[in-house]
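In what follows, structures are represented as structure tokens.
Each of the next two complexes has chain A plus one other chain: chain B in the first, chain C in the second.
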Partner chain A sequence: MIDETVVTLSRLQFALTALYHFLFVPLTLGLSWMLAIMEAVYVMTGREVWKRMTQFWGVLFGINFAMGVATGVTMEFQFGTNWAYYSHYVGDIFGTPLAIEGLMAFFLEATFIGLFFFGWDRLSRVKHLVVTFLLALGTNLSALWILIANAWMQNPVGSRFNLDTMRMEVTDFGAVVFNPVAQSKFVHTVSAGYVLGAMFVLSISAWYLLKGRNIDFAKRSMTVAASFGLASALSVVVLGDESGYTVTEHQKMKLAAIEAMWETEPAPAAFTAFGLPDVAERTTHYAIHIPWLMGIIGTRSLDRVLPGIGELVGDAEQRIAGGMKAYAAMQRLRVDRNDAAARAEFEAHERDLGYALLLKRSLADPATASPDDIRAAAASTIPNVPVLFWAFRIMVGCGLWFIALFAYSFWLSARRELDRRRWYLKAALWSLPLPWLAIELGWIVAEYGRQPWAIEGVLPTALGVSSVSVAQVATSLAGFVLFYSALAVVDAVLMLKYARKGPDGLGMWPPATPEPVPDHSVVAARP
Partner chain B sequence: MPDYETLRIVWWALLGVLLVGFAVTDGFDLGIAALLRVLGHDDAERRAVLETVEPVWEGNQVWLILGAGAIFAAWPLLYAAAFSGFYFAMLLALLALIVRPVGFNFRNKFTDARWRGFWDWLLTLHGIVPALVFGVAFGNLFLGVPFRYDETLRLTHEGGFFDLLRPYPLLTGLVSVALLLLHGAAWVAVKSEGVVLARAERAVRLLAPAFVALYVAAGFVLYFGVTGYALQGGSTPAGPSNPLAKTVIVGSNWLVDSPLGGWAVAAAIVALAAALATLPLCGRRHHLAMFVASSVAVSGTIASAGLALFPFLLPSSLDPRSSLTVWDASSSRTTLGLMLLVTALLLPIVLAYTAWVYRVLRGRVSLEHVKQTHGMY
Partner chain C sequence: MAESHRPAEASWFRSRGGRRFGVEFGAIIVFKLVALALIWFFCIRPLPHADTRPAAVADHLLAPAHEAPDDR
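Showing the complex of A and B:
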């Protein structure tokens, strides 16, 4: 029998370590490309200031990268330590993208980050630029593979249950890699990281301008941030919409919960811009509806119907009944491998097997479930509606603000007026935490919205835990909280210290001797 | 695609390659950190010691992450049973390893002596703890770990962290610590000069005999005092990955009755010879050759353990039938074949650019250079 306390603590530990890890990774994703852009300008123009910009933002990048690496090791181990049954049940499919991530991405970024810092005097300009580019490529490839793994949890394609090994096994790895959910998720997630990277540079530079320090350095940095940030903010919203569309097809319950769509509405459904979802009454108070919008976003049509929560719970009851038949047939097959009738019965209901496992939370044998058990299990497929409803809306609100802010920054930078408006600089500075907020909320929408499933429709989260004791998980959770809090303090102190010192305080810029004007005549004279 | 049996043997060998990759590269990172306070007496000397690995340790650590990922992908049953079974041990190693990235990066960010002294102690601990934990874990493999599967292949464990700390695993833990310290000292000898180099050479001269003595002792105990497991039948090399199909007898001898026991002894002899060879090489100041020798010692030690255990990966002391072996703990044939293809394509590229990076960074770290710079990093 599953110990619910172990499940709760294990989930809490996974969520906390993942959310914490995800504070650092998106900044690495975005900042690495910005370093590559700045260094490329340096290589092309030969102007020393661009090299110094790469190095200065590189110092902050390094502090953040260390935290990302440190907290990432935990993630690679935690599936095994705390989610042993999950690892056993889906390792055949889920482990592969993780291993490829290590081979293709981690080695690339980790091997070249050392050269990024220590290679300035050992490498030619172009070679060093290549190193920076490979570092950025590595970080982004890692996002690709982990999101392929994650997308399979949301939309488990290309796999099948094997009765001999009692686990899911891969049938079509191509389908796992080219999972449509993976594609939209990847672009949406890396774009979110780029927005964070751009905001990081924009906000700190705005602070220098407010203080009247490092003017040229900061304006150049802001120009890069404005263009990179605008492109990324547009991409994150557009691809977020695409992500929403793929959710419609594969995770109808998640979509219904995000929209607090309690009952099925006639197409095209209205979008609820605001409201107070009430779980007990299954209704949304004070709802403000925008007609048609939800149907258009969710189905790209005016006539396809989006199912509401009530209808989806009814579907889940059907599938639980089917899953019980599959489970009973599986028991018979375990006794007699050659029972042809049982095999036919199993194959007929195989796709619902995961729904029978929902019953295992409270029953040792799902085949003995009463109608009440089934109704309770079906009701448990509703995620936390108010949390999803609000997390999604705040995330989208942030996204729209980013587009506005970066578009305005871009316009100012084109008019060379970045340092003219103090209210703008203050807005840019105080927007710094918002991308982090949006990113963490995005994780909550995607992963908390997947509950009660670890693998949508295949494996309930509660079943995935290890056979560890409450004391073990409580101790490790406390250990992580203490250790990570201490690291967060040190990280924040260092980030603030180096951001405050700035390129002037660190003696990086301006140089002691004036910058020599690059001699373009040599290039121009070439045939 | 190769047949299932071949793929399993190849992935068993690749598991060894990954462990060796981790121990040879990340091993010296752990070793130098553990020796940090011994090899460097003042701040400049310690920074010189750290700078021997600062540009490369992140790449080295990926061997560990890849190791975990590859075990997950190729040996999911082993990943699940070993990582959850060694719960606190894993946690301890993890927390220790988390210290390194932040320690290396944050230590030099303030000049305050207490700040740096604090991180030096943490870095020392971070070097010793994983070396000890991994050695203790290997020792426990020979004794068996208390876990069993029910008929739906759900895993349960008995026993806790302190049950791992039995005499034999503690001995193998010490073997591992001595070996990785030796390896770390050999690396510092390659990359340093002056007083730091002299201390590294002295450390090699002390640690090589210590490792040899501990390793021989562990071998004797394994031969005379540890009960082995033997696979009697029931599972076939190409059968489905279901541990419950087989019969296992307890009461054999790991070195004598193991199918590859002879090879295990041969690997052990290579490891011992290589460890002893560091002494004359140290005397003649052939530092790079000495480092190669310590790398061979590391590889031979891991190989000897893996070969003696074959075909077992994780024997169960609670229910020997639940033991995990090469024939019943792997992924499906499709996944193993696919992963082999990916590894064959990508690993040579990884090795090529890693070699290039080490070449770019070749040369010794001089104290004068360290004193002049305050660290870019």
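Showing the complex of A and C:
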């Protein structure tokens, strides 16, 4: 039997390390492109202030990079320690993008970050700009391969279960790479990182303006942040819609849980803007509906029906029954691998095998399952509805706030009034944690919403756990918590120290010799 | 165009503050590598290795079969 405490602790450990790791990643994604934009302006105009901006924000980028790098390594530790059966079952597929990420993207990123910091005096301006672009490219490619691996867990395409090796194996690597879930997830995730990068620059610059320090430096930084942030915030919403559409196609239960859609509604379904989901009663109290919206977002049509939780649980019961046939055929094949009838029976019901494995959570032998056991296993396919419902809505609310804030910042920037409204500067400053909150909630929706599956429809999470004891998982969990807490303290101290010092405190700005004013008369005199 | 091929001007990273930043940057990474190695050595290395031979995985995923050839 499966030890539920080990499963829970292993999940908690992975969730904590993943959420912690993803505090750093999106800032690296966003800031790297902002550095490239600032340096490109420096190369085009020759204005010293843009170089100093690149270097100052580059220092904060460097601290974030140094603190974040290798925090993901502990997740790879866990694939071996806590998730050995998961690693065996799907490692043939899941491991490939992870290896490509390490070999291709991470080496690119790690090489060019050194050149970025220490190449200013050794490289020409253009060469250094190329280095900065390659640094940003490497960072983003890194995210691409990780998200391809993650998307395969949400939509396991291009693979098949091998009866002889007892694991999933790749049948079409192209399908894994061009998985539609991976494409939409990648652009949505990196756009969210760009929003965070822009908010980081906007908020710290707003603080300088509130303090009356580094005025010119901060206003230019805010101008870049406002335009980059507005484009990114709009992209997050548009690409998030695409990501949501892929959920409709491939993870209907997750979508129904996000919407607390307990029963199937006539098309087009309404969107529940607010409500209090009640799991016991399977209803949503005080619900405020927006007619048609969910049907249009989820199906991009007015006549396609979105199934509710009740209907999907009924589908799961049927798939469990089909999976039990595949499971029984596997048992017969284990005794006689040449049993052609058993092999045919297995192939007929192979796609439902994972559903039979849901029964293993409560039964040693799923073949002995009663109708009540099947009903209970089908009900276990419902994720935590209230958590998903609220996590999604807070995330979306943050996204709408980002659009409003960056649009207003852009407008103020165009009117050269960025430093005129203290309430705006305070709003920009206090919005700093919100992109992190939205991003972490996004991951909670994506991963918690996939439960009870490690691989959607293929491998229940509980079956991926290693045969380790509670004490062993608790020990490694304690080690990780101590390690990451120490890193968090060092990170916060260093970030605050350098941000407070600012370009003036660090001796970056203003320059010792005043910057010459560019002579535009030559350009103006041209016919 | 000739302007863009000139090396960039003296960098802040060559200044006293920049060198201090470089030392802190390197120290963080060295500290982390050491900490990760210690975690691996004390928390991860002692853990039992999971048996992931096909027969063992079959036992994990399936109910034990009575006449499995691999188990004999």
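The rule is simple: the second predicted complex is superposed on the first by the 516 of 527 C-alpha atoms of A that agree within 3 Å, B and C clash if a C-alpha of one lies under 4 Å from a C-alpha of the other, contacts with A are read in each partner's own complex, and residues count from 1 in each chain.
One rule holds for everything that comes next: contacts are C-beta pairs under 8 Å (C-beta built on N, C-alpha and C of every residue); 3 or more make two chains touch, one makes a residue touch a chain.
Quantities reported herein were computed from a predicted structural model and do not represent experimental measurements.
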Combined model on chain A where chain B meets chain C, clash or fit: clash
Touched partner set for A:R167, first chain B, second chain C, both or neither: both
Touched partner set for A:T111, first chain B, second chain C, both or neither: first
Touched partner set for A:A287, first chain B, second chain C, both or neither: neither
Partner chain in contact with A:G62 - chain B first, chain C second, else both or neither: both
Which superposed partner A:V468 touches (first chain B, second chain C, both, neither): both
First (chain B), second (chain C), both or neither touched by A:L98: first
Which of chain B and chain C A:E76 touches, first, second, both or neither: first
Touching partner for A:Y85 - first (chain B), second (chain C), both, neither: both
Touched partner set for A:V335, first chain B, second chain C, both or neither: second
81-89, 207-215, 279-287 or 333-341: stretch of chain B that collides with chain C: 81-89
On chain A, positions contacted by chain B and by chain C: 55, 59, 62-63, 66-67, 69-70, 73-74, 77, 80-81, 84-85, 87-88, 117-118, 120, 122-123, 164-167, 334, 466-468, 472, 475-476, 479, 483, 487, 490, 494, 498
Touch list for chain A against partner chain C, complex: 43, 46, 48, 51-52, 55, 59, 62-63, 66-67, 69-70, 73-74, 77, 80-81, 84-85, 87-89, 117-118, 120-126, 128, 164-167, 327, 330-331, 334-335, 337, 357, 360, 364-367, 463, 466-468, 472, 475-476, 479-480, 483, 486-487, 490, 494, 498, 506-508
Residues on chain A engaged by chain B in the complex (per definition of touch): 55, 59, 62-63, 66-67, 69-74, 76-77, 79-82, 84-85, 87-88, 91-96, 98-104, 106-108, 110-115, 117-120, 122-123, 162, 164-167, 169-171, 173, 334, 466-468, 472, 475-476, 479, 483, 487, 490-491, 494, 497-498
Chain A-touching residues of chain C, taken from the complex the two chains share: 3-15, 17, 21-22, 24-25, 28-29, 32-33, 35-36, 39-40, 42-44, 47-52, 54, 57-58, 60-63, 65-69
Of chain B, residues touching chain A in the complex: 54-59, 61-62, 64-66, 68-70, 72-74, 76-77, 79-84, 87-88, 90-91, 94-95, 97-102, 104-106, 109, 151-157, 160, 240-242, 331-332, 334-335, 338-339, 342-343, 346-347, 350, 353-354, 357, 360-361, 376-377
